[in-house]
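Following are the structures in question.
One chain, subunit A, appears in both complexes that follow, with subunit B as partner in the first and subunit C in the second.
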Partner chain A sequence: MQNGKTLGEPLLEAREISLSFGGVKALRGVSLAIRRHEILAIIGPNGAGKTSMLNVVNGFYHPQQGTITFKGETRRAMRPHQAAAQGIARTFQNVALFKGMTTLDNIMTGRLLRMKRGLLWQALYWGPAEREELAHREAVEKIIDFLEIQAIRKIPVGRLPYGLQKRVELGRALAMEPELLLLDEPMAGMNVEEKEDMCRFILDVNDEFGTTIALIEHDMGVVMDISDRVAVLDYGRKIADGPPDAVRADQAVIDAYLGVSHG
Partner chain B sequence: MSVALDTFPKLLLDHARRRGGRPANREKDYGIWQSWSWAAVAREVGDLACGLAAMGFRRGDKLAIIGDNRPRLYWAMTAAQALGGVPVPIYQDAVAEETAFVLAHAEARFAIAEDQEQVDKLLAAKDRVPSLEAIVYSDPRGLRHYRQPFLFSYAAVQEKGRELAAAKPGFLEAEIAKGKGADTAIIVYTSGTTGQPKGVVLSFDNVIVTARNAAEREGLSETDEVLAYLPMAWVGDHIFSFAQSYCVGFCVSCPESAATVMLDLRELGPTYFFAPPRIYENILTQVMIRMEDAGWLKRRLFHAFMNVARRVGARLLDGQKVGLLDRACYALGQLLVYGPLRNALGFSRIRLAYTAGEAIGPDIFTFYRSLGINVKQLYGMTECSVFLCIQPDGEVRPDTVGTPATGVEIKIDESGEVLYRGPGVFQGYFKNPEATAAAKRADGWVHSGDAGFFAEGGHLKIIDRAKDVGRLADGTLFAPKYIENKLKFFPYIKEAVAFGNGRDSVAAILNIDLAAVGNWAERRGIAYASYQELAANEAVGELLRGCVEQVNRDLAAEPALAGSQIRRFLVLHKELDADDGELTRTRKVRRGFIAERYRVLVEALYSTAPSVRIETEVRFEDGRKGQIRAELAIREAACLPLAREAPPLRKAS
Partner chain C sequence: MELLHALVIDPIGAIADNPEFLLEVVIGGLLTGVMYSLVALGFVLIYKASGIFNFAQGVMVLFAALCFVGQLQLGMPLVMALLSTVAIMIALAFVIERVVLRPLVNQEPIILFMATIGITFFLTGLGQLVWGGDVKTLDIGLPKDPLIIGGVLVNEFDLTAAAVAGLLVAGLALFFQKTSIGRALRAVADDHQAALSVGIPLKTIWVIVWSVAGIVGLVAGIMWGTNLGVQFSLALVALKALPVLILGGFTSIPGAIVGGLIVGAGEKVAEVFWGPAFGGAIEDWFAYVLALVFLLFRPQGLFGERIIERV
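Right after this comes the complex of A and B.
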C-alpha cells in the first residue's frame, strides 16, 4: 500500500467458522486470514456478523464449527484472557473503560497482564515491585505521548468527550503491546476531525509498531483510505475479500449494500 | 559585567563556566520534567552549531525556526548566532502562505522545524522559496517515510557537528569570538496589522542592553523561573524566555504541549510570568465558573474574602497603610482562600508578572493584585526590543503603562503620537528602507504609532493607535479601541469592533465569549447547538445590550468622549479568526479588513434595517474553504445625554 510495505504470512487463520445462537445463524462457514502487518477492514450491513467474527477471534464466543490458527497454533476455542496473553487486544463498539479512573490508570490496566509481582508485593510497593511499576509507567507514558493525550492524563475518563474516550480505549489496547489489534467501530459517532485523528493514529500504530490490525468500520471513506484489504460479510457469509478497489467494484458487495432480493 | 559578553553565544559560554550545574532549560518528557544545565545546553548548542557549519551554514545566513516552544528550538537560535547567522522565528500557527512569505523575504537558507506538521508546511512552501536548501526536524514521528535529500534529523545534524568539532578543535570558539554587539541578533517579523509582515532587525546590543536594564530594574536573578509558552516568533517571548534568561542565568521551562500549559504552570510555579490580558481574563473566567459550581460554603468563603481582598489587597501590595483589623482579615483570607487559589493557578511563587499588548480590564487587573500577585503593565513593541515603559513597584495603576524604562526617552508630538528613543531601538526593517524611514526619524526618534499622553506622576497613558483616532461627522473625538476595550472588559464579549470615523454615530460588531455566554445560557436553561445559534439567541442579544448600555454610561461620564456612545450594534455569527485574516496572530482586530469584509453589516448598522443577511467564507486550518450564512439582528442601545455624572444603574449581568 502507500508505504510499499510487504505483507507477511497469515498471523491468524479462521477456517470454516460457523456460529449460531439458538436458531439464528450468525456466521456460516466463514474463512478469513489476517496477515502480519496488514490493516484488514471487515465491512458489511448491520447484522452481517462482523462483531461476532471479532468475538470469535478473541475467544469471546466459541464457534460450533471451524478452527482458528493463531501464530501457528490451532485451536477450537480459547478464553478471552488466553487470547490476551497471546497478544490479541481489542476495543469495543461501546466504549468499555473504567469511567471513574483517570486516563493514566485506565491505560495502566492494559499493562496488568505483563505485571509479574503479586498483590502483596505491589501493595508494599518496594524493591522489585517499585521498579516494575516504574517500567510499566514509562511504557504507558510513551503511549500517552504517542496518542497526544498528555493534557488529559489525570482526568477521570467519564468526564472526557466521546472521541477522547475512544482514543483512551485504543491506548489501553496498545498498552498490552499486542501483535493483533481488533478494533470494533473505532470511529463510530465521531466528527470529521476526530475521525481524521483516529485514522492517523491507526496508520501510525501499524507503521511504527508493526501491529497487525483488524477493524470493523462503517465509514467507507475511512475503510478505502486506510485498509490494505477488505473482507465483506453479509448474512453470516463472506461475500468478498481483496484490495479496497477490487471490493468496491464487486457486484455481490454492491448488491449487499444496495439491496437485491435474496432468493 | 565584562565588556566582552556582548552576544548570546558568549553569554552562554560564560554561564556554562560560572553556573554550569544550574538548570537552564526544562521540558516534560513522558510525563517527567527533564532538565538541562547551562553546561549541557552549551554542549547541545555547540553540537548543533558545528553540524550546521558542516552542512554549509555561513556567516550572515538566516535560519528559520518554526514550532512550539521547545528547548531544541531555543538552542537553534544560539547555534545560528554562534556561527554569525541570524535566527528568524516564524509563528507556528501561521498558514502555509504566510510561512512562505517570511521564508522568501528573509532569504532563509536553512530551517528548523519542530515536527511533521511544520515540515509539511515548509515542504509546501519550498517551491516558492528558492533560497531554502535544508530542513532540519526535531521530532522524527511520522517522518520515517520522507525521502527528501534535503531533510535532516536534529540528532543527525548534531552527530555531524561532533565529527566536525573533533576534526577541527577550537573551530566553534573562534566563530563565537568573531561575533560582536553591533551584529544582527535576530529578525522578528511583526504580525502585520496592515499588509505584509515586516522584518524587524535587532542587534545584540539592542536586545541584550534592553533585557539587562529591565532585569536589573526588577531585580531578576538566576533563581527565577519562567514558563515559555507564548509564540517563539513574538518578540516578547524572545526577551522574557530567551534574552533575559541569557542575561541573568535563570531557568526557562517549556510546556509539554499547548494543551497542558495551565497544568504545567501549576507544577512549575514560575516566579516571573508574562501574559497578554486575554490570558489573565481566561484564567479569571475559569475561576469564576468553577466557583459558581462549588459548594455553598466554599462559595460564601470565596466571595466574603474576595471582598476583603478587593478593599485592601492591592494597597497591601503597594506598601500602603492598612488598619490592623483589615490586616488580620487579609491574613486569614490568605490562609483560607488566596493562598490555595494562587496555588491552584500556579501563581504561588510569582514575584513579578507583566501584562502588555492591550489594555487590561481594571476589574481583572485588580483581582490579581488583590490576591497578592504583583501584576504590572508594561508598554513596548518589537521595534524597541519590548521595554519602553514599566510600572514601578508601588505605583501600579490600571489605566496607565508606567514610567519610561532605563535609558528610554519618550515625548509626545503635536498630533498626540508617542515618540521614543533608547538603546533598544531597532536597526531597520529588513529590505524595506521606505518603511524604516517612515518610522525612524533622522534625529533618532521613532514613531510608535500610538496616541497617548502623560498623566500625573510621569505615567504614560495610551488611548489608541494614532492612525485610528478619528472624528465623528460632527467633530466629536472617536477612539475606537478605547470603546472596544471597554466592551471587551465584560466577560461575555470576546471581541468588539467599533465604527464611527466620519459617520454621525458609533456602531459596533460584537463577538460573544463562548465559555462565558455558554455557561450563562446553561444556567438559564437556554438550549443551543452551536456558536452561531448561541450568538443569534434573543436573550443573549439582550444580555449584550445591557453591556453596551453600561459602556455608554461610562462614556457619558467622560466629557471628551461622551459623544461617541454606541447607537446600534449586532452580534456576529462567527468568531473573528486569524486564519480568516480578521485578527492578527497576536489576536488584535484588523478593523479596516473587517470593515471591508463585512461591508454589508456596517452599511446595515447605519441604516434603519432591523436585521441583515450575510454569507461569509471561512478558511479552515488546512486551507480548505467553506461558506456560512446567517440572518443577524441589529439592536439599538440607549444613549445618554451629555451629563456630568451618569445616573447609577444596576450592572448588566
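Right after this comes the complex of A and C.
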C-alpha cells in the first residue's frame, strides 16, 4: 500500500485452483484473491503457471478443481465471452490484435458488448444503430487520447512497431470499461522509454478509473514500483503473497529465483 | 510460324474486322463472370470469418437450389418456397456449427478443410435422398429474351443476374465495413482468442456467417439452376470459383466480383479468338492457367490482404 490507498474487499477470489494438461500440473491448489482497486503483480520463474492462472480467471482454461468467485458469484469455470461480459478484460503475452484492422477498429471491438441494439439492428446500421455507433466512437476517441495514439488511428495494427501494438491492445481492453484488467507481460520486449510510458498508463488507469489490475511482469524494478501487492508462483504453487517489500525479503522467494542447494 | 499466325495475326485480324463482335463477346463473358462471382462470394464470407476454406460451398449452392426447386414442384408458392429454403439454410448453419465446427475449435485449418469435405459428401447424399437425382428445370419467371442494346446483343437473364449480384455485393460490403457485427466478424477472422477476450461469442458469429453463405449460395443456385437446370453437376461450378478466388484474393468481397468478371470475360475472349489455335474448348482450362500466372506474380490476389511477415 505504497501510495496510501485503501484496498477494498476481494473482487475476485480463486480457491484451491488445480489445473493439469495430461500429466503436466500447471497449477496445484492455488488460492488467490484480487482486491478491489489494487494493482496485483503475479511473478515467478518461467513455467510457474502465471499465464495459466490468468487463463483460468478469464475462462480460457477450465480448472479440474477449485472455484472462482467474481463479484460475489461462485462458479467452477467461466466461458471467455461471459467473463468479458461481466467485466474482465485482458491483454496477451504475445500481442493478440486484429492485425488487418486499424487501431480505431481494434479498439472499437472492445465496445461490442456495450452495444445495446441487437445483432439485426446493427446489421442494418440505420437510425438508432448508427447513433449508438457514433456514441461508442466518442468513447473510443477518449481512450485514444488517453493513450496518446492519435497519430496511428487509421493504420492497420499489423504495421505498427511492437511497443505501440501493446499500447493498442491495452486500449482495446480499456474500451470494455472493465472492472478487472488482466495484463500478461504488458512490458515484455519494450525499451526503457516505452516501459516508462506503459507504467504511467497502468498507474493512471488504476488511479483515474479505479480499475482493479492483475499483471504478470518479469521486470522486478517495475513490479516493485507499481504494485500494491505481489503474489509469487513457483511450479504451480503459490509460495508468497504480500506487499512488495515483504515479498522481496521472503526466503522462499529468494530460493525460487536463485535456486537453493539441497545439502 | 503457323502457330504464331493463329495466335497473333488471325485474332487481331478478326477483332479489327468486327470490333462490335469483340464487345459482344466481352459483355457476354462479363455477365457469365458475375455468376462465378456469386459462387465465389460464399467462399470469401466463410474464409474471412473463420479462416476455413469451405469445400462444401459448391454443394451448398446445389443443396439450396434443390430444396427450392423441390418445394416448388410440391406446389408451394414461390415466396413460401424461398422463405422456407432460407430457413433450411439457417438451420443447416446451426447444425454445422454444433456438430462440425464446435468440436474442432482451434484445430489446424487442414483439419477443418477435411471436415468441410465431409460436409460435401453428406449434403450430396442428403440432397439425393430427399429430392432425387434427376435434373429439375427451374423457372421462376426470370426474363430470358435476348436484347439488342446499342447494336450489341445481350441476354436479359444475364442482366438480371448482374443486377442481383450487384445488390448482394453492395449489401455485404456495407454489412462488413460499416456495422459493428461486421467488425466482430472481421475480428473473429483475425484472431479467435482475442475475439473471445473482448466478448465476441464465436458460436453466434459462425452461425451468422454460415447462414449468410447459405443464403448467398441459394441466390447463386437459383441463377445457375435457371441457366443449366438443377442437377448434381451444379456443384462442380464451384470449381470455377477457385481461380476466381485466386485472382481476387480469398478475403476480399470486391475481389470475388472483379475476379469473377476477369475470369468470365477472359475465358470467353480466349475461346472465341484463340480457341481455334488450340483446337477449341480452351474455355474449360483457361481460368486455371490464368490463376497459375497470378499465383506466380501476386499470390495474395488482386485485393487480398498483403501478407506481412515479421522476422
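Things to note:
We adopt the following convention: the second predicted complex is superposed on the first by the 252 of 263 C-alpha atoms of A that agree within 3 Å, B and C clash if a C-alpha of one lies under 4 Å from a C-alpha of the other, contacts with A are read in each partner's own complex, and residues count from 1 in each chain.
Basically, a residue touches a chain if its C-beta (ideal position, glycine included) is under 8 Å from a C-beta of that chain, and two chains touch if they have at least 3 such contacts.
Just so you know, these numbers come straight off a predicted model, no measurement behind them.
After alignment on the shared subunit A, the placement of subunit B and subunit C results in a side-by-side fit free of clashes.
When the two structures are aligned on the shared chain, A:D204 is found in touch with subunit B, with no touch to subunit C.
By the touch criterion defined above, A:I144 lies against subunit B but remains apart from subunit C after alignment on the C-alpha atoms of chain A.
Using the contact criterion defined above for the overlaid structures, shared-chain residue A:K99 touches subunit C, although it does not reach subunit B.
Once the two complexes are overlaid on the shared chain, A:R153 sits against subunit B while remaining clear of subunit C. Once the two structures are superposed, subunit B and subunit C can be ranked by residues of subunit A touched, with C on top. Applying the stated contact rule after C-alpha superposition, one finds that A:Y235 touches neither subunit B nor subunit C.
Within the superposed three-chain model, A:L112 lies in touch with subunit C and out of touch with subunit B [touch as defined at top]. With chain A used as the common frame, the shortest Cα distance separating subunit B from subunit C works out to 14 Å. Residues 3, 137-138, 141-142, 144-145, 148, 150-151, 153-154, 204, 207-208 of subunit A are the ones that touch subunit B when the two sit in their complex.
Per the touch definition, subunit A reaches subunit C in the complex via residues 58, 60, 80-81, 84-85, 89-90, 92, 96-101, 105, 108-113, 115, 119, 122-125, 129, 133, 136, 158-159, 172-173, 176. Within the complex formed with subunit A, the residues of subunit C that make contact are 174-175, 178-184, 186-187, 189-191, 193-202, 204, 208, 251, 305, 308. Subunit B meets subunit A in the complex at residues 28, 30-32, 141-142, 144-145, 256-257, 259-260, 263.
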